[in-house]
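One chain, chain A, links the two complexes that follow: it is found with chain B in the first and with chain C in the second.
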Partner chain A sequence: MDIVRWLTRFKAVVWLTWKEQSGWTKPPYYFGYIIITPFFQLILYAYMYIVIAFYSGLVNVEMAYYLVTGVSLYNFIGAGLYGLIWTVHSEREHFRTLKYTYMAFPNLQLYLLSRGFFHYITGALSTLVMLLSGLILTGVPLGTLSVKPMLLTILIILGFLWSSQLGIMVAGSSIFSSEYGPLISEAVGGILFLLGAVLYPIESLPEYIRPFADVFPMREWMELMRYALNPAYNVADPNQLLLQLVVKTIIYVIAAVIFFRFTEKLARKKGLLEATLHH
Partner chain B sequence: MLITIETRDLVRIFKHGDKEFRALDKVSIQVPEGVIYGLLGPNGAGKTTLIRILTTLLLPSDGDAYVGGYHVVRDANKVRKIINLVSGGERPGYGILTVRENLMYYGQVYGLSWGETKRRIEEVNELLHLDEFLDKRLNSISTGMMQKYALARGLLNHPQILFLDEPTLGLDVQNARHIRRVIKHLIEDKEIRTILLTSHYMAEVEELCDIVSIIDRGRIIATGSPDELRKMVKDEIIYNIDVRLSDIDRIRILRRFRTVVGYTIKTRQLTGEARIRMILSGEDIARIIRTLEEENIHVLRVTRDEVSLEDVFLRLVGRGLEDEYE
Partner chain C sequence: MSNRLSWFINRFLRPAFGRAYVRIKGGNREPSWILWEILLPLIMITSVIWAYENMGAPEFFKGFVIIGGAMMSYWYNVLWGMGRTLYWEKETGNLEVFLLSDAPLPSLLLGMALGGMFNTTLRSIAVIILGVVVFKAEFNVDYLPLAILIFILTLVALYGVGLALSGLHIVYGRMGVRINELLDEPIMFLSGQYYPISTFPMALQYIAGLIPLAVGLDGVRRALLFSEGIDALWLHVLVLFILMIVFYPIGLRILNKIVERGRMDGRLILRWI
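The block that comes next holds the complex of A and B.
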């Protein structure tokens, strides 16, 4: 009974997000847009790689694989994270619906998760397109890849879990500021990009920055994804990495639940569920 | 008599820097089932603050509040299931969706199935006559339509208790009248069990409400039926005096009269006149008019009037409810 209601709610929220995202155009154009934007982004990186390869005279297939997977996989996490964080801001300041949604949806955290879900789907789509075309463009021989489907599935779920929980915590704190909310989301996205083994291994970062990188499960997730797509990819100890990833994900989930309860309470105390622009 | 909403010594403090501001100061009200209960008060009186607490959007600083028997802080989730809120003068919703799509969305978020929501929209449509704009995009509809849509959304989840914060704010006379008729209808047909509404239009409150609390600066200063409240000024006499707008600066001489309990000024730019509404504690009008004329204030018209809730407010607070001047 109750599960049916929850599914109805979930479906409605995903539908809303789809409408919100694609409402400015017809569905085929929208999908074209989702696919083409990352493609251009990719061309930029591919170009950089080709220039470097050309001038150094080295064609480094491993480096190409690293870059292409990093940049494409980042899309999955980034798209979901941004989408989720922006929800609070746009619902309150732009649509002015946050207070009504808050009263209607039995759990604000689950609402945000449902809102984020759609962004993860589109993120996954761009990732796929970018990954395939990127590998072809940089000349990584596709035939040598062999995907580990089981591990891949687990990683996609874990990636969704930890990053959405991170998003929920950031969204929670963005309740407190209408100006800095969007800024915080940019900042978190940027940090993950820089410290998440996207373009370079974190071993190449200065010693004192590494502990910050370790706060996020991004590195483990990235490395394992690379490994799951291509077992020849060199990771020291996949099992150890997976364990770390699972533990961090669990910590993120618990932290998000606690933190969000706290922010919700504080938001009610300060009356911040309504638009704050006019104060 | 069943009490559906109750507050006990409710306090809400807002902090501005290190200064504290009491938006609600020991507010205690009891709202029985089956009535339209009005909160009447000027801007900044605390009406919206009270509604925000009762609808679980804001925590009180002190005191207790119960809605439908549930504590608004401890049982907030249970409260939310049996209430809904409609605020006037806002444009909440997803502009890119049609009115129908917005309602379909909210119906399902409230926990109705797709089919139930569809049927509910039909029912609500019958009540509010949304047909002409049901399939228009929300960002393209007029203020009047917007308010009907907002009310429709507020009815989707079959709330037992409906909170209406200034439901006719910013509407033209016709739309306001329509909304008021619907509100009345909701209670008469037992569609909604209890309605708490706020307003600073005393005519609206007089027309709609069975019980009224007058609120000013965070305090409830009187409660009763409109008739009971009007009886609070039964010994006084009400006069309207129309003067020229240009004379209005000198009208302060009215304060010299001990019989003038209070007065409000409403300016009418269009005609270049102003109407002064006075409460007199004794029949003294002839002397007052003579003095005004002596001061070169030309009195255009003088009419005696019935007591309204605005006079009650003026009498109790010493200033007008809708004072535009002063």
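The block that comes next holds the complex of A and C.
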């Protein structure tokens, strides 16, 4: 069956990514490496809450929960997104293998998706560590959490889908520029952090910025993830949010397929798949 | 002119300025890059300031975040601009030319650091100005000379750290890059990028005291935000001066040792390791 062949290819590329990413050390060190950076990222932001509690003398468990879940869950999206987008840059500019990959693998979009999938797995691992340690650090009682496994699974799949398709679109654009490719990926990650209900609710943003936040499915995903981890978390209408998230995800998938086909065709025509500019 | 002074000027400073020129010219040849490099840190600074506003933090935290964001760029400059560049030069085949040339490696690294610091300063000033205009952060410029002194001492001490880290990239390749990445967030946390390090437990404050950026950042903030003079900040100046004197020879020694080891192992021009 065709799907079995695609899954075999998918698995092979995920395995290749594991080898390429972890080839510089032994597996236990690599797992330490993928956890240390996000862990310190978490305490960098969690400590903001601790400092404010220190200054004001007030403990706000809801705020701590919001902040810790925001930073931890962003790590899942950010790790996958960066990993996927950077593939174009590293394979073309650094390892100079993109042209060979292009000839060897029948579909560049699926190749990028498979490469990104590995980063989503490592992102999920570090997110779990971040969540648990962050909640303990900020004094959120773990006993109050009650995970909704079904909703959580659906949300993880949807999160992978929409963010990887966003990554595909950014990767498609980055084929055209070795200088701006990494900058675009950082900018997209930064904008998701700024407008994605990571550190603060969208309602606290200036009004003229809120419509920009609605372009991304990040807010819905974040709010529903917080709800799926703790049903006591106050969400106005979870079903409505889920519907919005599904619709936006479908739009992202369709847009990514169309956009990437267009950029790939154009890049091939201009000979950009093997063009290196030493950046 | 003594031979030693002549060597220092011609063989050390001139290559350093030559390398700095390349970095300044290269880093500013495309104006849109400058815009990006100002906007990207601003996105993170804006996120943190809005988060603090949402938490009801005191107003001076805006200044904390802006100075933290601007000064942290110098750490990235040391980590990525000095160390990572050598890795990149190795990958593109330039490192062997560097090592064969008459210019000592620390001189070229000084050039990278100076050029990078110049570029970073241009962007940091823009970030601070935009931060003041957009977020209405307030700084007391009466103590600007003291803040500049602390800032310069911080940069010189950081150069010593950069020397040591550069060696890692020459010999360890990808592992050096990963070690660099591992140093990013812990240093941001320990330097108090978004908050005063005085809120740390005492043991953590002592550890932070060994990081030039943490001491410098705290000193600059206290001068510009809390109007503290030399009578309050003399310890910062002293600690930075000591770190500067200690880190340079240690960094140089580590670099020399690592390069020597790389020569013996034949790893200096080995790519993709």
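Things worth noting here:
Here, the second predicted complex is superposed on the first by the 273 of 279 C-alpha atoms of A that agree within 3 Å, B and C clash if a C-alpha of one lies under 4 Å from a C-alpha of the other, contacts with A are read in each partner's own complex, and residues count from 1 in each chain.
Keep this in mind: contacts are C-beta pairs under 8 Å (C-beta built on N, C-alpha and C of every residue); 3 or more make two chains touch, one makes a residue touch a chain.
Owing to the predicted nature of the structure, the values given are computational and were not obtained by experimental measurement.
Counted by residues of chain A touched, the larger count belongs to C, out of chain B and chain C. In the superposed pair of complexes, A:Leu84 makes contact with neither chain B nor chain C. Once the two complexes are overlaid on the shared chain, A:Arg96 sits against chain B while remaining clear of chain C. When both complexes are overlaid on chain A, the residue A:Leu245 reaches neither chain B nor chain C.
Of the two partner chains, chain B is the only one that A:Pro106 touches; chain C does not reach it. In the superposed pair of complexes, A:Val4 makes contact with chain B only, with no contact to chain C.
When the two structures are aligned on the shared chain, A:Lys19 is found in touch with chain B, with no touch to chain C.
Judged by the touch definition given at the top, the superposed model places A:Val68 against neither chain B nor chain C. Of the two partner chains, chain C is the only one touched by A:Ile52; chain B is not.
By the touch criterion stated above, A:Pro201 is placed in contact with chain C alone, chain B being left untouched.
Counting contacts as defined above, chain A residues 23-24, 95 meet chain B in one complex and chain C in the other. Interface of chain A with chain B (complex): residues 4-5, 8-9, 11-13, 15-16, 19-20, 23-24, 95-97, 99-106, 265, 268-269, 271, 273-274.
Of all residues in chain A, only 23-25, 33, 36-41, 43-45, 47-52, 54-56, 60, 63, 67, 94-95, 179-180, 183, 186-187, 190-191, 193-194, 198-201, 204-205, 278 touch chain C in the complex they form. The touching residues of chain B, when paired with chain A in their complex, are 52, 55-59, 77, 80, 83-85, 90-97, 101, 104-106, 108-114, 153, 157. By the touch rule above, chain C contacts chain A in their complex via residues 30, 33, 36, 39-40, 43-44, 46-48, 50-58, 91-92, 173-175, 178, 181-182, 184-186, 188-189, 193-196, 199, 272-273.
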